[in-house]
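Labels A, B, C and D are assigned to the chains in the order they are written; within every chain, residues are numbered from 1.
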């Protein structure tokens, strides 16, 4: 029973992180129709920013804020400088470009920070929660993980549904030309979309790293599962990303604990295939395909 | 479409260009291939140099830790070269990155053997990676010395792989020694195994089961690369295991400790040597939570084994030598157990090269290593090298970590594969290094 | 009053607009007519900043709009209702309207939804519906309503009758007429259907292959049989 | 007179694509022999690597360039081919003849490719990308799970087959050189590459190829024209899987092992990058891409070392340069290297015509 609960809770925590990562991918997909494979190393490098600050003796929270802020800047700069020229071009160009960025950021991080493992602190306890002599794997940090991702999701919903800037971002994502006619500075919205996505990606990087080890490749598996989660939910649907992430996190945790650790990746493939065979554009795709 | 049907002729053009490029780079065919039967100088040996090659993961997931090994070896070779080299020859040490991908290992080993024309390979790391090239090296008759991996396949069949030698104690004898120690000292423990799902796990489990088959209540395997080990540790906890034997790499020692903390799971831990570098694990875990871990070493009290003196043994003559070498020739960073590992392999290579005589040949060094057996060197236990076995160091001792220091619980225990008995043998442990820090081995035979 | 002088736009070597000059007076409807490919839509897209002209000027209240980016236009009082309607179908009706309101010049007071809802009560009933479900006529109302949210001085209307039932077309034209008269809105109406356009317009201009070939009172144009046969197809 | 006759014979042969491709193939073979006989054994090994990468990239070029389907999982299909070959060449005294081994590698991969293709045919754009990405990551896990038969993490070692006597004799007859192991593998790889490229070029010039392009250009229009879109897509996937299988079979012999760690995600991704680097939709570009994958890392590492960088820095230089090359090619030469050169050439020939972008042609 305890094993069951532990497996479920670790899966849930991991699923929240996948969800955040998938959400970052969805934000970028919606605004620029690009799958950003460089999201993982971008998050990795902002986590290193936090690590440098923490290692310099400053508080975790300063590092945390700095990582999110540098994510914001990094996302905006990358969109402006590198991505802008391929927007609206064939999708494969953008895919190769983000793969190229993936490799470059990776190599740069390895050169600057070395390729060794470093430990990354957590702001809250890493000990499980005790109830009646039974320890549940719900640590303070896990609670923080779940809450912060939930808060980010609520903030995003509020931003998109209830603010003018959110409305402009959505409009730009759906129809750039009409948005321009209505006075929306579309390019600025795209930059903002990338910047916000990079912040959410950075958050997922910090949460994966918290109380664990980081190295330049520590986010690599997250990009796969995060992307699978986004595809599961439907790339256009932020809600789908969250559901996809949770579904994947919990099921993979059970596969790892009860079937075999080496079948985790296979299980993710199986889940994806089953879902896509039933719904080829993800669980939460709109009934109407917007292909013209 | 036109361009598709024209392709074939264009391809011809490309190949020509490729040939030109290749020809420029290759500088013509080497005159003496590996099959040289002339009396001329041996491949990789000149009047004043000996070239050796190595493949290590310098990038990618396996790079952390392992990429330090060649820096140690390099420092020791620099030390030897600064003191005149071996028989007047400087050792040129070429390291190539394989990213722990056997495909790349194969490519860079080709490069080392065919282009750089190394005399021998030294300390190439990894089981799957080195499996890819072991047949090639043997068919090219390149001495393949001291593979950095505990798989038994490097040494258990010298007929099939006459040029390949293991170095560290193989995982099976480590499993045996740990198993016997548990059977003797903790006969009532309920044992859980935490295994890496490859030859490390398989060979060690085989060794352990020889002694405590009935005590094992649970086997949990993780796949290298999947850092979420909570399901495995939860399964061990659920089984009620109160002693966990971990045959895993260092990162997973840290991860298993972290997850155990989350689950409030406090069994006795016994990590195999490969995963127990206390300094590395300590630094990995130093930042975690509640201050408690920061002050007390999380591995305090953990059991493990050792087969060469580690960086903690500051009063050991070997470690003092390594420290001296590193201070003088090391690059960035400080002396670590990985670097000591690299230096110890480099030391063994210098021994072998000396034993191969003034004009070493590939065949000659192989014969010399087969006779190296009990020669003095840093390992605590003798090598098992002979014409019938190319397995490396024959044993180790069980230690308990107190802070960052390893406290021996047993004398050095030596054994061999299969049913070979475990015996005490402290003979090699007492050897100190020569005053010069450079071995003085007489040519063999 | 929208004053267009010598407007010239090219796509590569092809001149899509060639020295077009005319004035659309305030409070009047100016119909831009011509065959397919005459340059009508290019004219509107150039005026609203979606295409950069080679030369020429577009003056609105003494300010030259030519070569200004499209996203500045709503703030300067110019609203463009594109061909094919341009409803953002993923947003709700009200969100589409809100978006229109964000571009208005004077943002000191809240956007006036009530005015649009009073003009188009149908939209009020469906304010929370996703625009995707609207019919063609409803979508046309929505885009005109959305353009009005910006409180423009000039409204550029591209083919509002396209694909609509005659009754819906009549309804829309009547509405545009009313807006021009009651609110002093300057309307530039691009239409394929010249006959019905001239029936509500005050002034007509005729384009052919990017050049202005005729410009007159709408009634006069409608009466010019030769011109009708040559360029207007009725 | 004889020259005239010869000329007319060539002219006659050049008239049909099949014959023209065959002639191209033969010329290619001659060049391959010349090259392999004149370079060092190390370069022969590199050419063997280039051959199997070229086969896989060629197949992917057909899928992505001709049919518009994206696959991030071709490394997994190569793994299928490699494991098939390895199972037949692992610890066996009398291995099957090499052509049979290669054929079986292709067949098994075709079966797997058909299954994947049927699933992928329903999907579009990023959804195919996601599914194939998951495939690339999942496949190595199968090898670990069935460790008893597939060798687990350690993999299956492959004993390189000896060159058959007739082959060695033939090469010796032509070139007066003996066939070493590495050279033999390079020959096997390049013969495989030439055969598969001739077949691919023919296929693309045939009705099937036109169908694929029609589906790529406009699915709805293709459907209206009576093309079974799903079937066309599955067919394209199967053909490219066959190439991946052959590539995997050759790879297993060149690398001498089939192990899960030999098929990381980066393999699949670098195949795709090679397709684009060379120029999407061109077999010639595929070969350029494969050449870059093969020669660039080693050249950069060597350059780093000759500049006095340490082993570690030189090792990290290779991925950095590779990544920068990708980014710069996409930003500065979006038609790929071949396409860009072709455009520049056309512009020189006739300055007025607008450049063509094979990608746009390919992907729209």
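By our rule, contacts are C-beta pairs under 8 Å (C-beta built on N, C-alpha and C of every residue); 3 or more make two chains touch, one makes a residue touch a chain.
None of the values given here were measured: they were computed from a predicted structure.
A.B. asks: Quick check on the contact graph: shortest path length from chain C to chain D, in steps?
C.D. replies: 2
A.B. asks: Taking mean CA positions as centres, which chain lies farthest from chain D?
C.D. replies: Here the answer is chain C, farthest from chain D.
A.B. asks: By raw count of C-beta pairs in contact, what's the busiest chain pair here?
C.D. replies: Answer by contact count: the chains B-D.
A.B. asks: I'd like to verify one number: the distance from the centre of chain A to the centre of chain C, where each centre is the average of its C-alpha atoms, in whole angstrom.
C.D. replies: 43
A.B. asks: Quick one: chain B and chain C, Cα centre-to-centre, how many Å?
C.D. replies: The computed centroid separation for chain B versus chain C comes out at 77 Å.
A.B. asks: Measuring centre to centre with CA averages, how many angstrom lie between chain A and chain D?
C.D. replies: Result: the chain centres lie 33 Å from each other.
A.B. asks: In angstrom, rounded to a whole number, how far apart do the mean CA points of chain A and chain B lie?
C.D. replies: 37
A.B. asks: Listing for chain C: what residues touch at least two other chains?
C.D. replies: none
A.B. asks: Among the residues of chain A, which ones contact at least 2 other chains?
C.D. replies: 110, 115, 220, 260, 262, 264
A.B. asks: Could you say which residues in chain B touch two or more other chains, in rising order?
C.D. replies: 58-59, 67, 197, 223
A.B. asks: Please give all chain pairs that are in touch with each other.
C.D. replies: All chain pairs meeting the touch criterion are A-B, A-C, A-D, B-D.
A.B. asks: Which positions of chain A touch chain B when the two form their complex?
C.D. replies: Touch list, chain A to chain B: 2-3, 6-7, 10, 14, 54, 110, 115-122, 124-128, 130, 135, 137, 139, 211-213, 215, 217-218, 220-221, 253-254, 256-258, 260-262, 264.
A.B. asks: For chain D, which residues count as touching chain A in their complex?
C.D. replies: Counting only chain D, the residues touching chain A are 64, 70, 119, 122-127, 129-131, 133-135, 137-138, 140-142, 144-145, 265, 269, 272-273, 276, 280, 313, 316-317, 319-320, 322-327, 330-331, 334, 359-360, 362-364.
A.B. asks: What part of chain D is in contact with chain B in the complex they form?
C.D. replies: Going through chain D, the ones touching chain B are 17, 20-21, 23-25, 27-28, 30-32, 34-35, 38-43, 45-47, 49-50, 141, 144, 147, 152-155, 157, 159-160, 181-182, 197-198, 201, 204-205, 209, 213, 251, 254-257, 259-262, 264, 267, 282-284, 287-288, 291, 295, 298-299, 301, 310-312, 314-316, 318-319, 342.
A.B. asks: Mind listing the chain A positions that touch chain D in their complex?
C.D. replies: 29, 35, 82, 85-86, 89-93, 95-97, 99-108, 110-111, 115, 220, 224, 227-228, 230-231, 235, 260, 262-266, 268-269, 272-273, 276-277, 280-282, 291
A.B. asks: Flag every residue of chain A that touches chain C in the complex, lowest number first.
C.D. replies: On the chain A side, the touching residues are 164, 167-168, 170-171, 174-175, 177-186, 286, 288.
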